[in-house]
Amino acid sequence: MRGGLTRQEIAKRAAQELREGMYVNLGMGIPTLVTRCIPTGLTVFLQSEHGILGLGPPPPPGQEDPDFADASRMPVTVIPGASLFSSAESFAMIRGRHLDMTILGAFQVSARGDLANWMVPERGVGSIGGAMDLVYGARRVVVTMEHVTKDGNPRIVERCSYPLTGRECVDLIVTDLAVIEVGNDGLVLKEVAPGETPQEVQAKTGAKLALSPELREIRV
Amino acid sequence: MRGGLTRQEIAKRAAQELREGMYVNLGMGIPTLVTRCIPTGLTVFLQSEHGILGLGPPPPPGQEDPDFADASRMPVTVIPGASLFSSAESFAMIRGRHLDMTILGAFQVSARGDLANWMVPERGVGSIGGAMDLVYGARRVVVTMEHVTKDGNPRIVERCSYPLTGRECVDLIVTDLAVIEVGNDGLVLKEVAPGETPQEVQAKTGAKLALSPELREIRV
Amino acid sequence: MVNKCYPSATAAVGDIGDGATIMFGGFGFCGIPDRLIEALARRGVKNLTGISNNCGLGGRGVDILVRNRQIRKMVATFPAQRERTPFEEQYLAGQVELELVPQGTFAERIRAGGAGVGGFYTRTGVGTPLAEGKERRVIAGEEYVLEFPLRADFALIHAYRGDPYGNLIYRGTARNFGPEMATAADVTIAEVEELVEVGELNPEAVITPGIYVDRIVAVGRAP
Amino acid sequence: MVNKCYPSATAAVGDIGDGATIMFGGFGFCGIPDRLIEALARRGVKNLTGISNNCGLGGRGVDILVRNRQIRKMVATFPAQRERTPFEEQYLAGQVELELVPQGTFAERIRAGGAGVGGFYTRTGVGTPLAEGKERRVIAGEEYVLEFPLRADFALIHAYRGDPYGNLIYRGTARNFGPEMATAADVTIAEVEELVEVGELNPEAVITPGIYVDRIVAVGRAP
């Protein structure tokens, strides 16, 4: 059986990056799971790029409203104190660097923080959505993903082979095996999953990892 | 005593350019008088550049609301079916060429339709406001002004000596003495004020006027 | 009396011809002008260029027109869905064209088209394949690409409530691209769930001022 | 619990220092952040650069700061009023600087500053003295000038109602430059006539989402 964190645990670890009062956009995939991991008592404003600031939890069954959906087309609610606006206003907010953080999924991240998350070249067509705006717009870009592909190839690589979403834009990578910071001099291994060693993580990583002086185990 | 149209009559003649359903911005000075000259039964939407579409008449005395004022700081109301928006949205509307017409005051208009209406050079400081946006934004630019200066110098000139508001932007000039169209080949005298002759108008005009085949008297 | 109301969706799209460029509001399943698109499908016009966040899915939105082979080209941000769509198949078969645009650039280009902005510089896309061939400029030490406005012959949008002057309000995330698309087309056609009297909408809360809307048709609330 | 409320205008402007660049909302006498400006006058900071539609008049708005000799430079669209103002006198005496901007360009530059737009092309000003020295470009056969964003250290704005998250709504023509200025400053300070509970403002009608507002102070309705 495969070790490391579950997708839910990756989301939980990513949620530890949230701070009181932050404005945050969550991408599709693992990042949407972060919604359910926000520590009790913490006020975080979730932005949805098609026009919500203050995304709430899913509605109770039977109370779905077709006019309130998230970017994955799932029914949502809004919290008290939310606001609604157009996509152009939403992206003015994103591109104007008003968001504190975005948490995104990824296919690949490079040693210098390049992100590839919109197109698998073999498919021949990709969907960008708001990712290209978010990576330059949010003050902090956190990536959540599986550490390796289904075939066991590293997703953290020296240079992305997939088309880029953004250049030198990722700040932190949270995977099932590790938490890695993108520093000025390359990748820094900050935390490893329970049961993993830095050596094992490095073996599954396509770029050189420096070890943080505070290297520790991921706690979720 | 000076002949020609009164300021009120100039406004009335300018108001004859309005058509059902038009969206129109009125500048300061004589153009504000147009508000009171809109033919009964005609629906015209007046835009105010600081955020009103659907400007209404002044409020009854005692019912002024300090949050509802026009660009000249006079109290206003809004009509049923009006909308309010920010200045940036208002100028997106103006600059995006959504207005059918603007009626503006002027210091000078040139033979090719250049407009000078924001600065008297002797004063050393001028106020542009929204005029530079309106002249390129509105589909039709109508200028209302006295035909000559207080010193009797023509305001319609071969070339403006005052700083320009816009180049080749004026479509129609309504003065106390005449209605003049800015055509592709220069100015065309369309109407003369009661009691005036084309010769007298030409003598008070600093640029050559062609006579319209339908030349007639101004009726207000 | 100004009255922009049309009796039916069919009448409202009655002059859209072959080869038209059309903006379609909607994000996912929110804010799709379903009735107008159905009328356009019945009209059967061809060689359309669509400007829409996605390229339709699940038999709704642009998907209807794609299946009908009415679309020649799409300008979109999210053409590929998890499931494979008719658009994707036609695209991979070389039967439709696609101009892929980042979503923020897409929205801003539409706004620019409506606001008289001739072009603008954005950071989005810098260093990616989507910046290839685009003019670059360094401003205050940061790299930007130059983007140009998007406009259309027609915009088809869905709103919650509207009045005969064309004023509109939206509901929830169904607002998305509607307000800006309304500004960027020669003819804007809005379907509304409810038509109200002039003066019923709060002027402070109108999202799309009537100046941007040419035709309005009441379609009721989707079941 | 997020709470952006400050106890007083004085406290809200307490860290504005000499040499700051400040946006001031307001058009004519509508939407002036009177209480914040008065607090700034009491603070007595100097060498301010103001970004404001006009340069104050009648002892209100920026006029207070001008009379107090706190202003070094104004970026404005309507500095000259019919009556001669203290600003005009100081300007003609060479005591203050002025950057004159057409009003639409002024509003759009502020929006650009808040929206991450590095620069944009506009027709406004082409062929006039205000285009001198600016980069020109012909786009689709029309001449445009390149304009760059405006940003500030602080934005002082006036709104009608606000909540502790910083959400704002405005009233009538007092809205004017507030919504865009709120987006274009490092620190946005809003005075509101009425502070309401979180959740009281209709999310569909919020004009300024709280993300743009850093501090909020209730000042009551002007008498």
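When the chains are written out, they are named A, B, C and D in that same order, and each has its own residue count from 1.
In this text, a residue touches a chain if its C-beta (ideal position, glycine included) is under 8 Å from a C-beta of that chain, and two chains touch if they have at least 3 such contacts.
Quantities reported herein were computed from a predicted structural model and do not represent experimental measurements.
Engineer: By that same contact rule, can you tell me which chains touch subunit A and subunit C alike?
Structural biologist: D
Engineer: Please report how many Å separate the Cα centroid of subunit B from that of subunit C, as a whole number.
Structural biologist: Using C-alpha averages as centres, the distance is 36 Å.
Engineer: Centroid from C-alpha atoms only, then distance subunit C to subunit D, rounded to Å. What do you get?
Structural biologist: Computed from C-alpha means, the inter-chain centre distance equals 33 Å.
Engineer: Can you work out the whole-Å distance between the CA centroids of subunit A and subunit B?
Structural biologist: 56
Engineer: Enumerate the residues of subunit C that touch no fewer than two other chains.
Structural biologist: Residue numbers touching two or more other chains: 108, 111, 115-117, 122-123, 171-172, 204.
Engineer: Could you list which residues of subunit A touch at least two other chains?
Structural biologist: Subunit A, residues with two or more chain partners: 78, 84-85, 91-92, 94-95, 136-137.
Engineer: When you check every pair of chains, which ones turn out to touch?
Structural biologist: A-C, A-D, B-C, B-D, C-D
Engineer: Could you list, by residue number, the parts of subunit D that touch subunit A in their complex?
Structural biologist: Those in contact with subunit A are residues 1-2, 111, 113-117, 163-165, 167, 183-184, 198-199, 201, 203-204, 206, 209-212.
Engineer: Which bits of subunit B are touching subunit D when the two form their complex?
Structural biologist: 48-52, 65-73, 76, 78, 84-88, 90-92, 94-95, 114, 123-133, 136-137, 163-168
Engineer: Going by the contact rule set out above, which residues of subunit C touch subunit A in the complex?
Structural biologist: 27-31, 53-54, 77-81, 88, 91-92, 98, 100-105, 107-108, 110-111, 122-130, 160, 171-180, 207, 222
Engineer: Which residues of subunit D touch subunit C in their complex?
Structural biologist: These residues of subunit D touch subunit C: 108, 112, 115-123, 137, 139-140, 142, 144, 148, 169-172, 202, 204-205.
Engineer: Note which residues of subunit B are touching subunit C in the complex, please.
Structural biologist: Touch list, subunit B to subunit C: 20-21, 23, 43, 45, 47, 53-54, 78, 80-85, 91-99, 136-137.
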